[in-house]
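What follows are several structures.
Shared between the two complexes below is chain A, which pairs with chain B and chain C, respectively.
Right after this comes the complex of A and B.
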């Protein structure tokens, strides 16, 4: 007899206390109607044949055993997360760069890349800062914001900024005698075009705000009499 | 970059602890103002890099730890604080 689903079924033998039922074994035999099942089956409980075991495919012994037991390195399941972005930095915020070639420049934040670095642009026409990646630590956020809703940033990611793999030079006799050709790193035209497209949108938003362009062109600098600790970068 | 002067190392009456230097930053005169600088990096003599961990006393002097101890000869010399790592 196929077992019925037990939904909604309570035990016929209520517990007096945990582990002690109300009815004895013989009473339960009668309650469950086991006598009727036996009678139906000719005086014995019906037996079910055991299910045939699934045929096992014989495992092939491996052809090759390594000479020594080689230890497998533990699997590294770490996933890289981008650095948590400070609350003060949102797309369109004007940032002040604190280090590097463009130290002191005020710059527009575009988006955070998957590596955690911030994608930033001058815009180039305004202060000479190109599309660039910057670490969050080397930046002060201001409360000034630029509208960047019209800018398409989908194509910019860390791959875009990676150095092109240098082709290995084959050493030949002639190489030693030739004057070393200095290959100038010229920015490819498509990158220049990307800069122009992004900046075109930004410059429109910037020119709409009074004095913002002059603000972005100016560098930030400090002198002792400025009392930087008292500066209010965020209003 | 903000300028400062290097002072002595941290010391008690008879014992000196040269691993920490005291630095006076120009324009910083109270303990509260120092908190802005905490965590920022130093550059001393263009060679030594250090960090501003905490103020020293009430008048804006700062304790700084450098990668290698500052030479005692440079006491009174110029020291610079840079503004990174930024925190704002």
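Right after this comes the complex of A and C.
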């Protein structure tokens, strides 16, 4: 068949109606310059030899043929859209955690990671919350903001928080008894240093605002006498 | 005994129910036993049931159903806004609005201030008790 049109080139044959072009085959022959291409090639349309196919490695016959025909599942090429960050959450916003170990703690939002989770920090010295990932749904955003312009967050991504791959232990009788004394998981020193560098800058900005440090070290709580539905978190 | 605010053309009222809750309006005419024609600088002139209005102790000098322009002039002359904001009722409403709009951080600061205030009061009280005991 004729070679494809170059990328970005629209059709030279405008549609009168879908399926019906303005120009006939002979007109299009002229417009596309096929006569010129033929003339250049000595009256014949240039042929390109097919590229030599890569030598096929002899396929090993499979070890196992299933007894019944196995249906192949349909290919699913769906991709998740990136998680939308609520407009009320911007870098430096104070968030209230609603679930988990640090329920009720007020933390500072740093950035949204590629997985969609939010990277937050206490700061650790203020309320004991370390650099941590948190889901947007379990968070109330307040309108209080902390200045985080001086903080470098380039090295923090989802991989930073992945569990270290445990080496596979070979099963053996002796191993079963030894496995009873579990090693205590200690946080590596470089992670502790990361926490310190991030927090150093934050604590300066926090101490600049009156009462903000006490605010962050206190937990949020609700009692029946609070009309929490009437509480305003954003101004 | 205090005289109650009289229902007449020119009486200022506070809307206490519905879409226009909290607005100050002027009664420009009485339609029947239950309804009044009201007007305000930021509203279209409309009717409202008396049950939705709380009469206020402020009156302006207008004829029956004035034009919007003369209404606004009369309100300026009577200085309705300032009189309202300086009245005890008006001040209470302003405080209520401010409290409702408090941020979580503001509520925390308020709590600290209340604790501090309570502490100071207790200190003074303890001093007075000591003086009395002595």
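In this section, the second predicted complex is superposed on the first by the 149 of 235 C-alpha atoms of A that agree within 3 Å, B and C clash if a C-alpha of one lies under 4 Å from a C-alpha of the other, contacts with A are read in each partner's own complex, and residues count from 1 in each chain.
Here, contacts are C-beta pairs under 8 Å (C-beta built on N, C-alpha and C of every residue); 3 or more make two chains touch, one makes a residue touch a chain.
Computed from a predicted model, the values in this text were never measured in an experiment.
Undergrad: Check whether A:161 is in contact with chain B, with chain C, with both or with neither, and answer first, second, both or neither.
TA: The answer is neither, since A:161 touches no partner chain.
Undergrad: For A:98, decide between first (touching chain B), second (touching chain C), both and neither.
TA: In the superposition, A:98 touches chain B alone.
Undergrad: Contacts for A:144 in the overlay, against chain B (first) and chain C (second): which applies, first, second, both or neither?
TA: second
Undergrad: On the A-aligned overlay, A:88 touches which partner chain: chain B = first, chain C = second, or both, or neither?
TA: In the superposition, A:88 touches chain B alone.
Undergrad: Would you sort A:222 into first (chain B), second (chain C), both or neither based on which partner it touches?
TA: first
Undergrad: Contact-wise, after the overlay, does A:212 reach chain B, chain C, both or neither (first, second, both, neither)?
TA: Second partner only.
Undergrad: Touch test for A:230: chain B only (first), chain C only (second), both, or neither?
TA: It touches chain B and chain C both.
Undergrad: Using the superposition described at the top, list the residues of chain A that contact chain B and also contact chain C.
TA: 140, 230, 233-234.
Undergrad: Which of the residues in chain A come into contact with chain B in the complex?
TA: Against chain B, the touching part of chain A is residues 86, 88, 98-99, 136-141, 222, 224-230, 233-234.
Undergrad: Using the touch definition from the top, list the residues of chain C that touch chain A in their complex.
TA: Contact set of chain C toward chain A: 100-105, 107-109, 112.
Undergrad: Within the complex, which stretch of chain A touches chain C?
TA: For chain A paired with chain C, touching residues are 94, 96, 106, 140, 142-144, 211-212, 214-215, 218, 220, 230-235.
Undergrad: Sort out for me which residues of chain B touch chain A in the complex.
TA: It is residues 1-3, 26-28, 33-37, 82-86, 88 of chain B that touch chain A.
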